[in-house]
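A short write-up of the structure that comes next.
As written, the chain order gives the labels A, B, C and D, with residue 1 at the start of each chain.
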Amino acid sequence: MIVVLKRHATQEQVERMARRVEELGLKAHVIVGTERTVIAAIGEKRNGEQQKLESCEEVERVVPILAPYKVASVETKPEPTVVRALDLAVGGGHIGMIAGPCSVEGEEQIMQVARQVKEAGAKGLRGGAFKPRTSPYSFQGLKEKGLELLAAAREETGLAVVTEVMTPGHVEMVARYADVLQIGARNMQNYHLLQAVGEVPRPVLLKRGPSATMDEFLLAAEYILDQGNQQVILCERGIRTFETHTRFTLPLATVPYLKQRTHLPVMVDPSHGTGIASLVPSMCTAAIAAGCDGLLIEVHPDPSKAVSDGAQTITPAVFAQTLEQCRKVAAALGRGEG
Amino acid sequence: MIVVLKRHATQEQVERMARRVEELGLKAHVIVGTERTVIAAIGEKRNGEQQKLESCEEVERVVPILAPYKVASVETKPEPTVVRALDLAVGGGHIGMIAGPCSVEGEEQIMQVARQVKEAGAKGLRGGAFKPRTSPYSFQGLKEKGLELLAAAREETGLAVVTEVMTPGHVEMVARYADVLQIGARNMQNYHLLQAVGEVPRPVLLKRGPSATMDEFLLAAEYILDQGNQQVILCERGIRTFETHTRFTLPLATVPYLKQRTHLPVMVDPSHGTGIASLVPSMCTAAIAAGCDGLLIEVHPDPSKAVSDGAQTITPAVFAQTLEQCRKVAAALGRGEG
Amino acid sequence: MIVVLKRHATQEQVERMARRVEELGLKAHVIVGTERTVIAAIGEKRNGEQQKLESCEEVERVVPILAPYKVASVETKPEPTVVRALDLAVGGGHIGMIAGPCSVEGEEQIMQVARQVKEAGAKGLRGGAFKPRTSPYSFQGLKEKGLELLAAAREETGLAVVTEVMTPGHVEMVARYADVLQIGARNMQNYHLLQAVGEVPRPVLLKRGPSATMDEFLLAAEYILDQGNQQVILCERGIRTFETHTRFTLPLATVPYLKQRTHLPVMVDPSHGTGIASLVPSMCTAAIAAGCDGLLIEVHPDPSKAVSDGAQTITPAVFAQTLEQCRKVAAALGRGEG
Amino acid sequence: MIVVLKRHATQEQVERMARRVEELGLKAHVIVGTERTVIAAIGEKRNGEQQKLESCEEVERVVPILAPYKVASVETKPEPTVVRALDLAVGGGHIGMIAGPCSVEGEEQIMQVARQVKEAGAKGLRGGAFKPRTSPYSFQGLKEKGLELLAAAREETGLAVVTEVMTPGHVEMVARYADVLQIGARNMQNYHLLQAVGEVPRPVLLKRGPSATMDEFLLAAEYILDQGNQQVILCERGIRTFETHTRFTLPLATVPYLKQRTHLPVMVDPSHGTGIASLVPSMCTAAIAAGCDGLLIEVHPDPSKAVSDGAQTITPAVFAQTLEQCRKVAAALGRGEG
């Protein structure tokens, strides 16, 4: 890392800082510029050395050179990771399509939508049994009953079940029913939860927090990888910006950016990313054209009856057309489908 | 709420929507404008009716009229809530000062800083035993040992201990040692954790998430209040914006805005809010002048030795001067101190 | 618009506000809810009535129902506008490709790149003669000499020249050389400039400001349209958010959102939108898949020699491949090319 | 600056880049780290060298070490600049209060408010004659007639007139009437306008653009200073963030941050910064406590009759109380008043 000293740092202060750098186990390399002296601190450390140096009074700022994540890095593992659950495959050339309602509402609803998205070509079934809701007065999900219904839908359709787990105490239960554990955007930095899902033999779909940087996102994945679970899918689902015409702002440049830096597969959720059903199809084809490894889409037989997120939910008919368009775009760009 | 219909909605569609509104238990009031028809939906419901109406195809958008929170609202309880723990009092005219290191590092450190902040006038001691860290490779806190040290510092100084709890499974343990349970910014929407702290007889200091709106912040408080725990302090600690010269952007207008809407006390954390020690004193006096009910400040005997957040940590000497300035500003504005 | 009154508004205050609404030439419709009274103010006015009502002390807030723009609206003119300049056509099914260097640097450079982008399939040549630069110490463009070189390049290649005009005093001069006048992002709300380009018979390419909302963007276009110039292209070029891994955040949902609301064509600038050359090709295909009417791309024979914006500039070879990919995506989605 | 090379840069590439750095007139200092090689490029250049190096294919990124502004820097001129116009003094210990309506509406209005703000203690009178309005259909100001009324108000009260100039062609005219030329937030990067006001002998009040970084803000000031006009006031007026409960987000940490880096005075505009009249008084005292050199406040005899910005405008009575509170806070902190 590069330690930039304050303008009037004395020779003595420079030497003191160089010693401080060496005490931290790094090699110090002093460079005297025309207006500032900087110290290049050489070594592989990533354990808070930056913060320690930043708080010295001689220091103006510290610029890290190395990425803070390791296991997720394409430099550590150049070949792409493929995440698999039943017939769902995501990454390494496989485009995985996961669809279903925001919430599991009842047997008829989940069975019907499962059949419909399966027929359209999805390989994974999404559906919330435990729902993180902004208000305590909103519907909180069918809980374990919802998990049972999802498992029944898998039984009939063969779709892999993707569902959210909200708290460490539920990981074991949700893992009994689900094929892929989803970590919601609000929980991206719930570290105990990340560690808990890192310990079970289930793929994890990790959603980006709405104000998370790329480094924070990859470090959240690193919490899971660090526990031994290598089956992690990253999912861009929109960030919070000043824009209000969409629910969130969907930054698709995330897709090629991440794919240059990590071996983990990258999915996109255009339903939360826009919050508006009529924008979802265009954002699906755009995400495929941007190079993503899969889509997570909210589909409901009758969005106006959905207990949650109806405004961003498309119908099975629109979903089928959208998937058809996505296949054409993928084929045009020489990409196969999972 | 106001349901705005699409431009070419037919008479039949308008009637269908009016019936839909009434089916949800609300009274429908149709208003035909020059370019749009809107339906005023009258009633007290706050259970997802908005989402259901938004997803009807005749509807362009739905505008809520009522605030989504209830118990936290000044309309429900006009008199200000005072949160108390030992000698610490926050709200209702009491300005509570809480200070201490980012992390508890050892007995000598925490005892020393506790004595110093006590002498300067603080009534609460902050210090992290369980630390949410962006990277899994950073120091994660002394855990229960840290709690023991905090309790020992309280023993000696009489300061109320304020410390973070990160996961529902730890609430019982942390509550055994702490006087105030802190919910960190990353966990503002960790609903199981909010419910868990809502069930214990300990005041809660709830930090605003870095991308949380005011409604989301108050609804997070509502999760705690809804469990029966009425001792909740709201804490502004900076939001994520495009600014990079500070760690976060500290929006002090939050203080008067919240105080017009809620009876809960409002604190400010200028350490995280700026991330830069030299900006902390000015932001402390500014926060007091903005009307806040207390401050949460990172103080360490030697910031350059701190294991975390040193760059935003002030020394005990600067803390003492800052508190003196705060007292003067409070006095000038006719405000007492806790 | 909907005028929401404060909670404890008296009958007398409600009546006073209803009269105030009628004085402004609107029809007042009072609706008494369970917790709030609202007044629906009916009429077509868009001249500051909202602001006047907002500042009355009885009023909590005012919610507009109608969009603030008129001429740009698809409700005013349902058929898409096609903007044409020489062989360049943008909108109404035509996808227009405009490419070239950030700055015109000299005869050889601009001639070479013009031939190269023409051969790859571009119909428009971009290049800055007057450059808005963040620092007064950076290269400010070749000025009129640059315009002459652009005109010479048009002479040889037949490409339409697209170049920025920065100030009203230059509009006449730039319009003598250019086929399309570009308004840069920094000048999106430079109203005298918008009015000036609204008075000349040249198409205008209007870039979105980095913190402009959709309404502000369309109202900026409305300033031009209002002067009688109907040939306006909207261009999304990225917004300022907390993200730092890209220069700006490119929100492609802008494309379908705008196309649902305006008849004006919508282009995308993935060079400024990302700031990173290696992300540009993916964002080009994604923008086409999102439904945009054209692309504006920075191309330079040797980006490392470019006097400005080299990091986001692609080579002619990459440009040719990218255009080929864009054609395939457009064809897959049944869209032609301009 | 620090040039970070890509991971697998060969020895030959390193040497090529070092030569490239030297060709730009900088001294190259190669540092081989454990995972990356970086080149420290030493010298005082600020003319686009960074961009040139960034676009070389061997380069991952370039980190500047020096601030990009010079004349505005406290390193160039350590003593604070005091800006004076009639009795108004801003900076160097002087706190300048400027108040008045958003728009000049007529003789009676401007005379009345001028007398009222003068009596309360203001030394400057604000008021818009040329108004930048988001919509072309909104009131655009009384234009030169408005300037005449402002001059008449100065005649009677002795207040210094502060008013906005929107385009280079108006600078000469506005400077004939005004004592301080205001550059609005939308025009912060209107470089021809900045240069034009840099050439006239009038102090300039430069507002921060709603998405401008600190470096961009100071470089905009540098455009003015570079033309020879040293009387520049910086004014924080709120930034655009995801927050919607206020019109903009007012980041008061700007005040101490700028004062550590520039000799120019720093004012705050809490009216635009919040957009809500009831939040203005608290933000005034907070800004003073944060150390600002003055306030710019919207005041109107009857805000509900104001033709623009009524919702954020306070009455003369509230203004008088607020100034009284500000004086108390300034005195408590040992600061005088202008």
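Observations, loosely collected:
Keep this in mind: a residue touches a chain if its C-beta (ideal position, glycine included) is under 8 Å from a C-beta of that chain, and two chains touch if they have at least 3 such contacts.
All figures in this text were calculated on a predicted structure; none of them were measured in a lab.
Set against the C-alpha centre of chain D, every other chain centre is closer than that of A. C-beta contact counts were set side by side for A-D and B-D; B-D has more.
In this assembly, the C-alpha centroid of chain B lies 31 Å from the C-alpha centroid of chain D.
In terms of their C-alpha centroids, the spacing between chain C and chain D amounts to 26 Å. Rounded to a whole number, the gap between the C-alpha centres of chain A and chain D is 38 angstrom.
Across the assembly, chain A contributes 211, 240-242, 244 as residues in contact with two or more other chains. Residues of chain C touching chain B in their complex: 2, 4, 7, 29, 31-36, 38, 40, 42-44, 63, 65-66, 75, 240-242, 244. Here chain A touches chain B in the complex through residues 46-48, 51-52, 54-57, 68-69, 132-139, 166-169, 186-187, 189-193, 209-211, 215-216, 219, 222-223, 226, 240, 277, 303-311, 313, going by the rule given at the top.
The touching residues of chain D, counted against chain B in their complex, run 211, 213-214, 239, 241-246, 249-253, 255-257, 260, 273-274, 276, 278-279, 282-283, 285-291, 325, 328-329, 331-333.
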